[in-house]
Structure formats: structure tokens, C-alpha cells
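After this come two complexes, each holding chain A, first together with chain B and then together with chain C.
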Partner chain A sequence: MSEVNDLVLFRDYQVETLSSFLNADPNITPPNLVIQGYSGTGKTYTLQQFFAVNQFLINVWLEPIELITWKPFMQAVARTVQNKLKSTFANVKTPDYDPLDVEEPYLLVKFLSNLFENYQSFLEDSICIFLVCDGFDSLQDLDAALFHKFISLHELIPVDSKIQLKVIYTIQDTAFIERYSSHNLPLIVFPRYNMDQITDILVFARAQELIESEPLRRKVLQGQIDECTDDEFLGVAINFIKLIVQAFHSYTGNDISSLNDLIDFKWESYVNKINRQNMFDPLGLYRSAIAIFLTTDDSLNADYPENNQSKGANEATQTYELSPISKYLLIAAYICSYLEPRYDSSVFSRKSHVKTGRGSYGRRKKMETNPRYLQPSLFSVERLLAVFQAIFPVDTKAQRGSLASLKEDSLMRANVEVFQNLAELHSLKLVATTVSKNIDFLNYKVKWKVNVPWEIVSEVSKSVNFDVGQYFIGDT
Partner chain B sequence: MNVNEFADAQRSHYTVYPTLKKRKKGGRRIPFVELLDGKELTQNVERRWELYHQLHSHFHDQVTNIVENIEVDLKGEISNILFNENKRRDSKPCFNTLFLLGSDSTTKIELPPTDSNVFKVLVELTPKESPNVRMMLRRSMFKLFTSADAELHSKAPVKRELNHESVSDYEESVEVKDEITGEGFQDEDDGAGQADVSYDLSLVENFKTLFGKNLNMVFNFKDVDSINFHTLDNFIAVLKNALKNEHLQINLVFNINTNMSNIEKNLTQSTIRFLRRNYHTLDVSSNKGFKYGNRIFQSFLDTVDGKLNLSSRFVDFLLSKMANNSNHNLQLLVKILDYSLMSYFFHNPFSVFIDPVNIDFLNEDYLDMLIRCPTFMFFVEGLIKQNAPSEEIRSLLTNKDSALAEFFAEFLVRENPINGYAKHVAGILENELHIYNYNLIELYYNLLVGKLESYLERWPAYRNSEQKLKFEPIDTIFQELFTLDNNNELLSQALFPCYKSNLENDMLHWEHTLPLGQSKANNETLIKLDNSMAPVVGHMFKLYREANSLINVYDFYTTFRDTLPKKEIMDFLDETSDIDSNIHRFFLNNEKDIVFDKVSLALFMQAIFDFDHMGIIKTQNNRNYDVIEKCIWRGI
Partner chain C sequence: NLSPKKVQPLDSGFKRFKHFLMRHLYQSLPPDQTRPYSYLRETHQEIDRLLKQSIVQKESHSSILVGPRGSFKTVLLNHELALLSERYHQQFITIRLNGFIHSEQTAINGIATQLEEQLRKLHGRIRKPVNEDTDISNGSLTEVFEKILRLLDSAAVSGSQDKSDNESTKITVVFIFDEMDTFAGPVRQTLLYNLFDMVEHARVPVCIFGCTTKLNILDYLEKRVKSRFSQRIIYMPQIEGFQQFIETVEEMLCPPSCDDGLKFVKSWHSLVHNELSKPNSDVHLLVKFNYETFKSLQHLRNGLIPLIFGAKDYESLENSFKTCSKTKSYNHNLLESSLTTKINSLSNLELCILICAARTVLKAKDESTNFNLVYAEYEEMIKSINRRIPTMAPTKSNEDTTAVIFDNKIKLWKKRDIKNVWESLLALNFLTEKSAVGLRESAIAAFYASNYQFQGTTIPFDLRRYQTQVTLQGLRRIVPRSSMYHPWTQL
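Now for the complex of A and B:
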């Protein structure tokens, strides 16, 4: 067993337990063996190595995640077992059974008994065939009964059969196993690695690969880093892995696969920072590559909006995929939905001096709940356009008071563009109407409401430098 | 009542198609009219029309080309990413992922022609077809199987040689199974055990043994935002498992119509990380970026090059209108350019000289306008300041010895360098600085106003070649005659009308639309009445404007009645009663005051119903017939 221990780190106990449970002699091997461990705890790898070393154990592998439901799963069991036996005992002529006939659990029992029966006379000693269900609980349509059917499978197959099917389940979720705890199934637990172990494992598994990777090779050729020994390269890689683990351990936890991904993503940019000087100066290299370790960079957006900074702030083109008119319409729709119409005259009118204070809208009671938490209220399109007109900034080119300024409108008019943009907002479902079919949009009977939350509106208003918050201060 | 009539009566709205009056034939062939106060030669009108047609059709030829190319370009780009991408020599297997942003899921993906080693299959999954992982997998495997099977059958002789036994076995079993399973799926299992296949990933796994080819699968997820993300995530996880097969390459195409962060939010982090290993994003909405807009604008410049200039006001107008319309940008651009070209030829008599051959037709009528050109006046002013001989100036102004005509002809052949320069700058940006995301229209605008540097400064790469791109805009004499402009808001009015404010303006200032004091009636009293009173709707609208949002009908009526010019109306009625016996009887049966009351009520009702149809009042909204509610804000 020491061979396996050399290949698998920190799993001495588990390997030992495995080897005591799994034996070529069916009489001392339990029919079911459960291996529990969360993802990235080395279950599959350890098993693979175990069977690789103990080649005399006949084993077949299944990945339930690919099989989705129980029926293909059972058919796959039948198929793989039959194929394995056929290839192992190629000299035995046996009739073929169609694994697709296995449409019910009892048919699987029948299939297996018939199959094993054929070998009864050819075999002298009884043997084990190990079926590994790698990730049993990752089956998509898993139900509570399925595992029962499998763990009691051996009871239904004749005991005197020369071939004994032994099933090994790897399972991630402890809750799943606890449900079957009364069955006293032998259980091997693969605990999570701790941080030091993870570092060691990653160094063991990845360091050599990183050194041989293409980017480093290119860099070495470019930078003429030639006076470097293999050990020193190894040092760089090991150092990198350690840095990654230290920097991101708090983010990934003890999840080896995500750390692995991070190593893949960042190695190339780390290598780019290497030069002749800092090759042997880990601290200097770390300093020059510090940016790598500051963010996880595992978002698809990270390298997407590269054109953002090239766009000038004053540019009139789309920033939020919406035109300025659409943005203001959306803001106006939000105001209409969340601000009561009776305040409109005081909030938007420039002639607010005509009637100010409570007189203009009656006694004002403080709202008990922030209207923002409520459903948006309905409004008519005319009100929307009025608010839109009030908030839309029109940049007058002519000087104030000049003759030319008389020609220019100081207010935005609702022309076709405005209606086009409103229609666009509606088709993007950012604003909604009460009726959904056959709408005559301009009819006053149609009521509108805004269909986006505060967050989006505030984001949109920020993109046009409009402080929508000021309209809602009074209500909170 | 028959059924159709009944159904018609139930409809909430009707569509009325007005019958078009047939144009008088034979009279005029072209819609252009004689300019220069009607003194323009018919010949020249025709020439203008021809010239306009030449430019217009030339421009549209190119636009059609460009628009057609958009799709071709896109397809090329997609298949380039999917199939020609050099496989990363990354040791780890990964998907080749392509995010199509802003896609409406109609983008077709074209598979390259089949080759002998790799079998390519396109699997399209819509949200409806993807309720759960099982169905997604089934559907895609079915698609894979049927297309592989189809190809196999078409090339059966070749295949048979290669893999005779297994193929024939396999075919037999398929045919048998086809009837039995009836699930639309063929599962087979031949004796040798090498081709065991069912409707799961084992089909992919054994593809090479079955068909003797490598497999390249393209999954096209349509309308990704509507697919259940949990399902999608699980499906990707399942596919991930299949990647362990070496003969397999999987491309995932996601048609996204929201944005990347939405996708990122909804898929698990590990999936995102996995996709991130090899992914591309492509913006497929043709409006994104300036590529096609630039091309169309460029082709317009090429069309009018050496003939027409664009004023900065016009280009500014283009820019602002395009910014306001994010979806149909290109169509809008073409529309504005079209319209401006048309209106230019329609109203400018000098447009005929775009073809310099027509200089022969230059006569007194034109010269009169020529002298009043601002640039020309400026030029003359300059001459005076420089103390040029007065003879010369005078001959220019009076066209003595056709000096002015010659002067004008000389300028006809001069070119404004700005079009050429815009092209030059664009060339440098693309070829030398490798900047592609510039907006040619904006660049042109900045060229016109002489602020090219401030536009180009946003790209750091520009700073090195600053000197190369120095440009000073120059004024050419008579250029205003050959400039597309938006000086009297004609374009904004014609292309972006304000429905309601136009309506309101017409009602308030009806004399703009209706001829005032030109009444053709030779009736004295009628003219008086016309002069004293606006059309009824106009009159009422003035009152309407003054009112609050809720109007009491009776008050409204009394006000209306009292503001009517009583004397003129009565005079008119008196006079008509002589002719019309109905009115005469009406007069006989009623008191004078009651007559006026009734007439004004009739007018009032007429106006109210007109308002109702215009949609500026709400009636019968709350079953309260005493009030009518306004539904209009001034100027909206």
C-alpha cells in the first residue's frame, strides 16, 4: 500500500482503510462501501491510484452525473459490467444481453443474475467486480429510493454466484449519507485538506507543469534568462503557488479546484513580470506582480469593457445601451411611479411661488413606509411626458437673452424621437402598461408603470449626472 | 344586422385608409418646381432632378452593399472564432465559448464544409426546448445522432470500407430499434460491445468508434436569458464531463440580450471560471461600434465629394439624432442623409451647377443671388480693405464683361479639402495607429469646427502623430450654395415632428395655416366674421388653455358663448336666412337670444367632440358628465 501513499498525499489513513475493505476475496469484502468527502478532497484520485496499483482488482467506473436519471444509470451499470466481464474473460463464450432491456430495478437484478450465471461454470474461485459510482449524489434526478435499491442489490443476486458485484459510492453530501445511517454501511471519510496540505498538494501536482509551460519558456527565451538552473525555476513556480494560496485562501476556502483555476489564470501574467533581475528575488517579483494577487479576476467582464475609458464623458452616445432620452424617460417613469402626483406642481413647476407650502397640496402626512418599498403606482403617459420635459436638460447654444435664444426652445418637446424611445423602453420591458395586448399607446386610458428597481434607476441617473435621489429625500 | 357589421361595431378602433387622389397625369413629370421666383428654366429643373437622381441612386447602391455585408461579416467572424481558432495548447480541456452580445438569436451559425476527419454538428437549444437537463441532453444527442446518421448514409460506400462490420451491424440495429423505442431516439448495441450507445453522453464518448471521426459540437443556446440558469449550469457541468474525450471539441455559443454581468450573476462561479479559460465576446448588433455607420457616412462623402459640403450644424444634427436612437441608428443615418440631399436639390437653384457643364445656364437671375452670398461679400470686403482697384470690384458686382460669372465658374471646380482630409485622418487612425473605434461623423464634425485635436486626444496613441494630423478648416467662397445644412430646422421638423405641439400651435396660431384676410368669399359679412373669430376649435382651445385640469362643462359653455363675437355671428345668420329657408324658419320660431344660445351650443358641441377625437380631453371617464378632464400639458 505504500506505493499508493507515495502517489497520494495526506491520505494514508484512507488508503489503508480502502485496502483493508477492498479485497480480491469476496467473502471478506463488504458489498457496499461509501466514501464521503466534499469536492476537492481527493476521493476520485485516491481511488484511481488505488486501483491502478492493485491491478488485479476488476473495476469499472460510472459517473452518474452524465446519466441524469435512474433508468440510464441502471442501463449503464448493466452495460459496463457486461462489457467488463466480456473483455476480462474473452475466452468465455457467453450470450449477449441487451442492457437496454433494463427498464426496471428488478430487471437489473435479472440481468445481472443471468450474466453472472453464464460464468458460473468457468470460474473456479469466486471473484469480486468493483463498480465505482463516482459522485452518486450528483445524479440529476436523485430520489430517496434509488440508493436503497443499490445497497440491497447484493441481497437479490444469488449468494453462491462466483462473481460478486461490490459497489463503491463516492458521495459529497454528508446529509445524504445520514439518511441511510441505519444500514451500517462501511464509510470512509475524506476530510478537507488544511491550508498547508493544499499548498503541498498544489506544489506536488502543479509545479513541474508550470515550469514546462509555454509562457515561461517563451519568456526565458526572450529575456535571455540563461544562467538559471532547474531548481531555481522550480523555486519560482513553488513560490508562485504559495503566493496564490496565501492570497486567495480566504476567498476560495480549501477548494483545490478553484485555486487550481486561479493558478492557471494568473501564471501567464505572473511570468510576464519575470525578468533577469527579479528572477532570484522573490520579494521583488512579488512587488512587481502585486496587482495579480489583489483581485481574483475570475469574472468574464474583467477584460471586456476595455473601450470604456476611451469614451469621453461628454460623448452623447450610449453608455448604458440606452440613449439619453431613454434614460431620462426611465427616470421620469420612476418618478411618476413613486412620487405622488399631488406633489408634482411643487416639485417640477417653475412657478412654485404661486402657491407654496402646504397650501398647494393640502396637509402633508408623513408616509409611514418609504414608497420605494411599495409597488410602483400607475400613471398616464401625459404625466410621464410632463415630468420628462421638466427634467430633461436642453443645452441652449445661444447666449441667454440674445435674439437667437428666442428661436430656441428652452424645453424638450415630445417629438417622434421621444415616442420612439418610449416604445423602446416598453419593448425592453423597462416600463410596462396595464394592458398587454393591442395597445393604443397614446390613448389616455392606458396606464403605465415603471418596471425597474431603484438600483437600476440610480445607476442610470448617475450615468447622465442626474441626481434622482433629491426627489425622494422628503419621503424617507 | 349581419355578423360582420356586428363585429365591426365591437371594435375599439378602426383603421382608415384614405383614398389617394390620382395625380393629374401628363402635366408634370417631376416633383420639383421652378425656383428663382418661378423664373428658372424648365430645362434646369429637369437637370436638377437628374442630378439628384444620380447622386441618390449612387449612394443607395453603396448603402445596400454595406448593409448586406454586415451579415456576411458577422457570419465570417463567428465561424472564424469557432472553427479557425488555433487550439490553445493548454493542457487542460476546455470549451470554446462565444458570447454574442445584443443578439436577437437570429444569427445563423454556418458550419464549414465537412472534412474527412472531423464531424461538425450544430445543436440549437431554445428556452422552450430546455426545461431540464435530461431534455436538453436528449435533444442534443438526438440532433447529433440524426445528422451524423444522415451524413453516414450519404457517404455509405466510403464508410463501409473503413469500418465495414460495425457500421452494418449498427445500421441494422438502428432500424429495428427505431420502431421499438419510438422515443425519437435510436439506441443500439452491437455484439462486439464497442459501439454501445444510448441517449446520453456515451454517444459522444463512442462517437469515434461508431463513425470513425472526431467530433466538433457547436451548441447554440438561443435567448439564454430565458433559459433557467440552474438548468443551464447543470447542463454545462454535464458537458464538462464529456470533455475528457480527446476526439471531442465543444463550442458553446450564448445569445445574450441582456449583458455579461447578468450571465455571470446567474451561473455558478466554478462554471464561470471554467468558461473563462477560453472565451470570446462578440457584439452582433449592427449598431454597436461605429464600423457600419462610418462606412455609410464615408460612402455618402464619396458620393458628394467635390460637389457638396456639409455644414457643421448639419453634422451636429446628425450626431445628436443618432445618439437619441440606439436601435435603428443606421436606418436613421441613411434617412437623414437622404432627406437632406433631396431637400437641397429641391430648394436650391444653384444645385444645377454641381455639374460644371451647366455653367452656360448662369444668367442674371442667378447672379442676383450670388452677389448676396455672405462669403462673397466677405471676399469683396477684403478686396476693398486691400485697396484693390475699384474697377475690378465694380465689375465683379455688376458682372460687367461677365466678370462675376467667370469668377463663379472658377470656384465651381475648386474642392473643399475637408472630405479628402477626413478620409486621410481615418486612414491614419486605422492603418498606423490601429484605432478602430472612432466615429467618423464626430471626427468630421470636429474637423469642421477645427477641434480635431480635442477629439483625437482620447487615444493616447494619437499623441505621437499629432503633427501629422494638423488641419485648419478653410472657407471657400460660395460654399454656402453647395452645403447641406439644417439652417431653418427643416430637417428636425420634417423628420422629427412634434405631433401634439404642432397641433396646439396650429390651433393657437391658426392664421399661420389658414390664410387670413384672403378669404375668397365676396360676401362682406362673412369676411367680417372670419376676421373677428378664429376657427371654432382654435377659439375653444384658447379657453381650454386657461382652464384647470377639471373643467365644469356648463361654465365652459357660458364662457365660450360669451367670448363669441355675437354681433358678427348674428349679422351673418341674418344674411343667410334670406337664402336658406331652414335658418329662416329657425329665426321665426325663436327669440333672438335663444337663437344665439342654440348656435353657440352647436358650435360648442362641435368643438368638444373635435377635442375628444384629438385626445386632449377625457370625457365620460368617471360617469360624471358635469366635468371634462384635460389630458394635455402645454408643449408636450
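Now for the complex of A and C:
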């Protein structure tokens, strides 16, 4: 097994245990073997290397994640096993069975026993065929009964069959395995790597590739850095990987694929900072490239406000291209969801009172937790329209005191457009209703709520020069 | 050792011994070389008696084996049937059903196909294959069921069956039900009714064995089904006491006979015996530990297999058996995805966020939290830490090093960066959605769930409510005292 150990780092125990459970002789191989490890712990890689070194073990691979439900899964088992046997024993004439006939779990049993029966007279010794279900618990429509079906498959296939199906499952979730712990299946755990192991693996896997990458070559040619050996290039690449890990390890955790992504994102801009002086001065190079180690830049929004200087220029491009009415409706919906209705009149009332009566006092004490952190509460559509009217600016065109001003509304009415915009906001899922099927908007029971976080609403309100923040000052 | 497609040539005596030992552990030796463990002997005899009565003397019987998983229900039945098939090969056919794989509907087809297959095998060896049999499993479900019933119910009616019956005696049909309780569902129980009815009335001798893990299996059965069942329930014996466990482990490790002159068997026997009887040997402690926690021979066996397989020669087998390091590392490895190891494998930021989540959960009334609350807690925590530690004097005077500011403040990550951390905590199962139903029990329930849009998926990321898998008190015990975040593991 030393050959596998050369290819797989930090998995010596796992490889050794794998080889003690997986043998060519079906008599000393357990029918089910479970491999557990969270994502990026090298389960698939180790297994692949193991089978690549031990080529005499017949193995077929399935990825349940692309099979969605149990029926295609079982059909795929039938298909791949049949194809594998056909290609391995090409000189045996066998009838073809249609894998699509497998529509029930017991039909899979029947299919497999019929299939194996054909090889009964041909083979002298009994052999194993290993079926690797890579990511059993990533099947989308997984249920608890499916794993039971697979682990008891071997009991129904005849014991004296010359071909024995042995199933290897790789599973991420420990909670899934713990459901079946009383079956005492042999289990090999792939623990998560730690930071040093991650660094070594990344250096082992990526350093050579980074040296041979196009940006570095171009830079070297442009900058005419010709007094460099390969070892020194390697040093630059290894140093870069180490810097990336140190800078972003707490952000990614022990996750190889995220670190790989960050290496790919940042290598080019790192290379651009290389020149003749800092090639041999890692600290100098780090200083000149400090910007790429400070932020993750892990966003596809090019104009994210943090990393560009010309903030004012981007002010025009908004988060949402909504109409002003929609924007105010969204703000009003946010206010309705997060301010309590009992304080509405103290917040929004501006009219001078003709009749006598006290205005509302408003909230006496601050709230303990900021309500904006919590889920939005429901409101009725009338309250939304009232708040909308209270905050929507209407510029009066008519001159003050003229006859035309009598005719003109100083406040926005809920006209057709308002309802259209509201309906559109709902279909854009920016406002939501109480979830139920076939919701009836005209029903008085239907309550509404806003469905956007604070960050978006504050940006929307900024675009219409409305300070929504002042309504929430008293909260915390 | 890259011999293609062949079992290893078994060159040396030790390799043969190792292979023999492994097969003994897996209980895959030929049936005359395996012997069931001695504590199972009485049950074994009982099963043996029942099977012989129905196979040799052609009586009909039904019984149910009840025992927890891994209590050798299937092993005993298989062993007994294998033994009997050597002597009474022509006398019986076996039909196996598994409640996980067969449903009430498909079990009928399953019976028909197996019946057909087994009869063909039996007849094929007596004389030419009988072709009329092939249509047992053809036709619609009711037809198939009727055919089976007619065939089993009265041997005189069935076509090809009675030919073989006439010349000798009838063929016994042995049914083995695994997970019988799934057939004893809340509705109808047609299959069980008909089969138990056969035991009472049919002229073909039928022997039914049900295996189940449910102790109250009789409560599952309907009144009419129960009245047809023979009321014979065999409870699988459990190992009583540590002494018996030790003895059984010794049986498990020692192959019973050495017919082909394996020279290692004797010394292996004495080694195993010595090590197990020494009260402070590593093996003894391991067995003791297993007895007090799992009390499971399979669990012990899984750990011993790497030990035995990894041995290069007899001396190394002896040594590694004495120290049991391989088994210990197997047992250690099983725990490497536990909650504690997972927490220790987190980066400092992930740990910090987890602590914050546990803090907010502890403060909340309904023990749930969301991303906003956790980030607010995190922000406050980092600010408070940074306030307390004295920062190094900023190097203002030195203009060169403005780019690099050495300070020992803790970085406060931005909200959008923390989202990645939050997601990885989700992927590691530290957080679960509030009142979520994880894995559905059956395929139909999973199907219903996939057609339903849950509220948690429609609301914004920051506002989804989660519960933590580990409490703050739990974290306090796991996070080392030297950690900067240890003081924050209590409110």
C-alpha cells in the first residue's frame, strides 16, 4: 500500500484500513463499508487512488447526487454493474437485461441475481465487484428507508453466487450514519485536515501549476527577470500559498476548495506586483501586494462599495431598478413590518387638529433588541397604504393659495399604479404574504410583510433621498 | 501481490492461517466448519428442531425470532439451512423476503419469482427443466397471487408440483421474513394472513420464520392474523455477564478445527486464551470496554479485522494482538467526526461565530437565533476584546512602515465575509433550521416534502432562524482554557 501513501497525504491510517477491508476474496470482505468525512476531506480522492493502485479489484462508481431519486439510482446500479461485467468478461455471452425495468427495489435484486447467474459456470473462483456510491447522502430525495434497502441487498442475492456485490458508501453527514449505528457496519472516518496539513496539501497540489501559469511567464518576460532558477520560482509560489492560507484560513476554515478558489482569484494580481527587486524579498513583495491579503473580494458585484474609491459615481446604479412608487412602497412595507402599529400616529401624524384630542406619545422606553434583527411582522394592506401616503412626496405644482391648489391633492392617492406596483413587488418576492397556496389578494384575511433585509431597504431609501434610518433611531 | 482477478495463491502457511482466521471472523467458512456461539446453543437447537420437523417430518410451523440488531437471527437461520441443505437438499426450497426491500405488493412477485427459480433448480437437477413453471410469476398481481396460493394451498391442484411430490414426498417451503414488522403494518396484513393461513390449512408443509427487532411484535398483528400464528416467539438470547462475553470473544477469535494441519492454530489458541484471561492485558481491557459500552461482538470484530489483516507474519500478529494498537486506532478513528473533534477542527473565526451563536441562543426565549443577532453579538464581543487588550503603540514616527501596521488587535470581519463562515457552520451541522424535519422516514414522505416550499427558503438569508447543536455550556468544556474566546463561553 506504500504506493497509495505516496499519492495521498495524511491518510495513512485510512488507506491501511481500506486495504484490510477491501479484498479480492468475497469471503473476507464485508458486504457494506461506510466511509464518512465532511466535504474536502479526501474521501473520493483516496478511494480513487486506492483502486488505481489495486487494479485487480473490479470497481464501479456512482454519484447519487446526479440521480435525484431512488428509482434512477437503482436503475443506475443495475446499468453500471451490467456494463462493467460485460466489459470485464467480454468473452462471456450473456443476454442483455434492460436496466430500466428496475422499478422496484426487489426488481433490482432480481436483476442482479439473474445477471450474476450468467457468470456462474464461467468463473472458477468467486469474485467481488465493488460498487462505490460516492456521496450516498447527497441523493436529493433521500429518505431513511433507502439505506436499509441497500445494506440488506446482499442478503437476498444468493450466497453461492460467484460474483458478490460489495457496496462502499461515502457519506458526509454523521447524523445520517448514526441512524444506522446498530447495524455495526465497518466505518472509516476521514477527519478534517488541520491548518498545517491544508498548507502542505495545497503546496503539493498547486505549486507546480502556479509556476507554469501564463501570468507568471508573461510577467517574467516583461520584467526581464532572467536571473531566476526554477527553485526560486517555486519558492515564490509556495510562499504565496502560505500567505493565502495564513490570511484567509480563519475565513475559509479547513476547506480546501475555498482556499483553492482564493488562490486562483488572487494569483494574477499577486504576480502583477512582482518585479526584479521583490522577487527575492518575500516581505517586500508581501508589502507591495498587501491589498490582496486584506479583503476576500469574494463577490461578483464589481461595484461593491468597499473596494472602489469613486463611490459617488456609482451612486446612480441602484440595487434595484424600481419605479419611485415601488421604492416608496417597499420602504413603507419595511416600516409597517418593523414599527409597531400603536406608535404610528405619533410618528406619521402631521395634520393640525381641528377637533380636540391628544396626539399619541410614542414609545416610552427603548426596546431591548433591535427589531430589525428579527423577522418582519405582518400588516394589513390598508396600513401599508396609509404609511405610503404619509411618506410619499408630492410636489404641488399649483401656486400657494390659488384656486388650482384647492383642486390639487396634496397627498398621493392609492391609484391604479400603486396597486400595480404592489402586485409587482409581490411577484418579485420583495414583499410576501402569509404563505398559503392560491392566495386571494382581495381577501381581508391576507396579511403582508416585507421580504428584504435592512441593507437593501436603506440603499433603496438613499436613492430617493429618504432617510429611513430616522424612523428606527429610538429602537435600540 | 498484483495477481489479477485471483484470490491470493496462499503460498505460505501463515497466509493461509490468516485467511482462515479472517473467514472465521466473517463467519464465511463452510457450514460444517462454523459453529454458532455457545450462548446461542439452545436457540440453535430450537430452530434446528423446528426446521427438521417441517423439512423431514413435513409439518407446518410458524415462529418469530425477536432480538436486537446483530443478535445473529439471520446468521443462525442461514447456518441451519446450509447444514440441512447438505443432507436434505431435495426436500425443501427457501424463500426469503425482506421488509425493507419488499412491500406488500412486491412481496407477492418476489415469492413467485423465487418459487419458480428454486423449483427449476430442484427439478433441473432431478430431470429436465420443467417449462410449465415459468408462468407462475407471469400475469397480473392477482393472478400471480392466486397461482401461488393454489400451488401452495393444495399440492394436488398444481400441475408440475405434484409430479415431484408423487414419487417421493412433498416439498417443504421455508419462508424467511426479515423485518417482519413492516409486513405487519396498520392496514390489512393480507400477505401475513394468507401465509399463516397456509400453516394451518395447506397440504404443502410450510415453515415460516419471521425476524424482527420489535419486542411487541404480537401487538402489531391483527386479530385474525394473530389467531393463525402459532404463538411461538423465540427471543434471541443475550450474553449474560462479562464472563460469558469473554468466552464468546474467545470463540469468535479461535477457529474451531485445524483439519489441514495449520501449525499456528494451537499457539494462537493459547495466546488468545492467555491474553483474555489476564485481567490487565490490553485485549482484556478492550473487551471489557466494549462490554460496558456497546456489548457488541460485531463492533469488536470490525476493530480486530485491520489488526489481523495488517500482520505480516505470525510474530507481528502476536505482538499486535498483545498491544491491540490497530484496534485502538480503529476505535479512535470512529470518533474523529464527533462533535468535539469537529469543534476542535474549526478555525478561530468559525469558533468565535459558533460561540456567539450559542450565546444568543442562550439569551433567547425560544432558543433560536439568526444571522443578524449573531453578527451583532460578534461585533460587540470583538469590540470588547479589543478594548481590553493594550494595543501596541502605532509606529507613527516611522514613515516607511505605514503600509504594515503591527498591532495585536483582533480583526473584525465584515458582515458579508462572515456569511461564508455561517454557511460552513451550517454544512458542518452545528446549526439546524428551527423546527426542521431532517430526513423523512419513507420515500413517499420525502416526495411530499419536496413538493412543499418551506418558509425558511423564501425569507432573506439574515433572518432565517436556526438552533445550535451545541450549547454554550458544552462549548465551555470543549474550548481549551488557553483560547482567547474561553472567557466568552459563559454569559
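Rule of thumb we're sticking to: the second predicted complex is superposed on the first by the 301 of 476 C-alpha atoms of A that agree within 3 Å, B and C clash if a C-alpha of one lies under 4 Å from a C-alpha of the other, contacts with A are read in each partner's own complex, and residues count from 1 in each chain.
To be clear about the criterion, contacts are C-beta pairs under 8 Å (C-beta built on N, C-alpha and C of every residue); 3 or more make two chains touch, one makes a residue touch a chain.
Predicted model only: the values in this text are computed from it and were never measured.
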First (chain B), second (chain C), both or neither touched by A:Leu442: first
First (chain B), second (chain C), both or neither touched by A:Asn194: second
Of chain C and chain B, partner touching more chain A residues: C
Contacts of A:Glu214 with chain B and chain C, given as first, second, both or neither: first
Which superposed partner A:Lys162 touches (first chain B, second chain C, both, neither): neither
Which superposed partner A:Lys242 touches (first chain B, second chain C, both, neither): neither
First, second, both or neither for A:Leu153, with chain B first and chain C second: second
First (chain B), second (chain C), both or neither touched by A:Glu63: first
Chain B versus chain C as contact partner of A:Ser299, first or second or both or neither: both
Partner chain(s) touched by A:Lys429 [first = chain B, second = chain C, both, neither]: second
Set of chain A residues, in rising order, touched by both chain B and chain C: 69, 140-141, 258, 298-299
Residues of chain C that touch chain A when the two form their complex: 2-8, 19, 22-23, 26, 28-29, 68-70, 74, 78, 82, 96, 98, 100-103, 106-107, 109-110, 113, 178-179, 296, 298-299, 302, 305-306, 309-310, 329-330, 333-338, 341-342, 345-350, 370, 372-373, 376, 403-404, 413-414, 416-417, 420-421, 424, 427-429, 438-443, 445-447, 450, 453, 455, 458-463, 465
Sites on chain A touched by chain B in the complex: 63, 65-69, 72, 75-76, 79, 82-83, 86-87, 96, 98-100, 140-141, 209, 214, 257-258, 261, 264-265, 298-301, 304, 307, 310-312, 315-318, 321-326, 380, 382-383, 385-386, 389, 411, 413-417, 420-421, 424, 438, 440, 442-444
Touching residues on chain B, where the partner in the complex is chain A: 12-13, 89-92, 99, 102, 132-134, 137, 187, 189, 191, 193, 196, 198-202, 234, 237-238, 241-242, 259-261, 263-264, 269-270, 272-277, 279, 281, 319-327, 437, 439, 442, 458-459, 492, 495-501, 615, 618, 631-633, 635-636
Touching residues (chain side chain A, partner chain C) in the complex: 13-14, 16-17, 19-21, 24-30, 36-39, 54-56, 58, 69-70, 104-107, 109-110, 125, 127, 140-146, 148-149, 152-153, 155-156, 159, 173-176, 179, 182-184, 186-189, 191-192, 194-195, 249-255, 258, 287, 290, 296, 298-299, 306, 369-370, 372-376, 429, 432, 435, 451-453
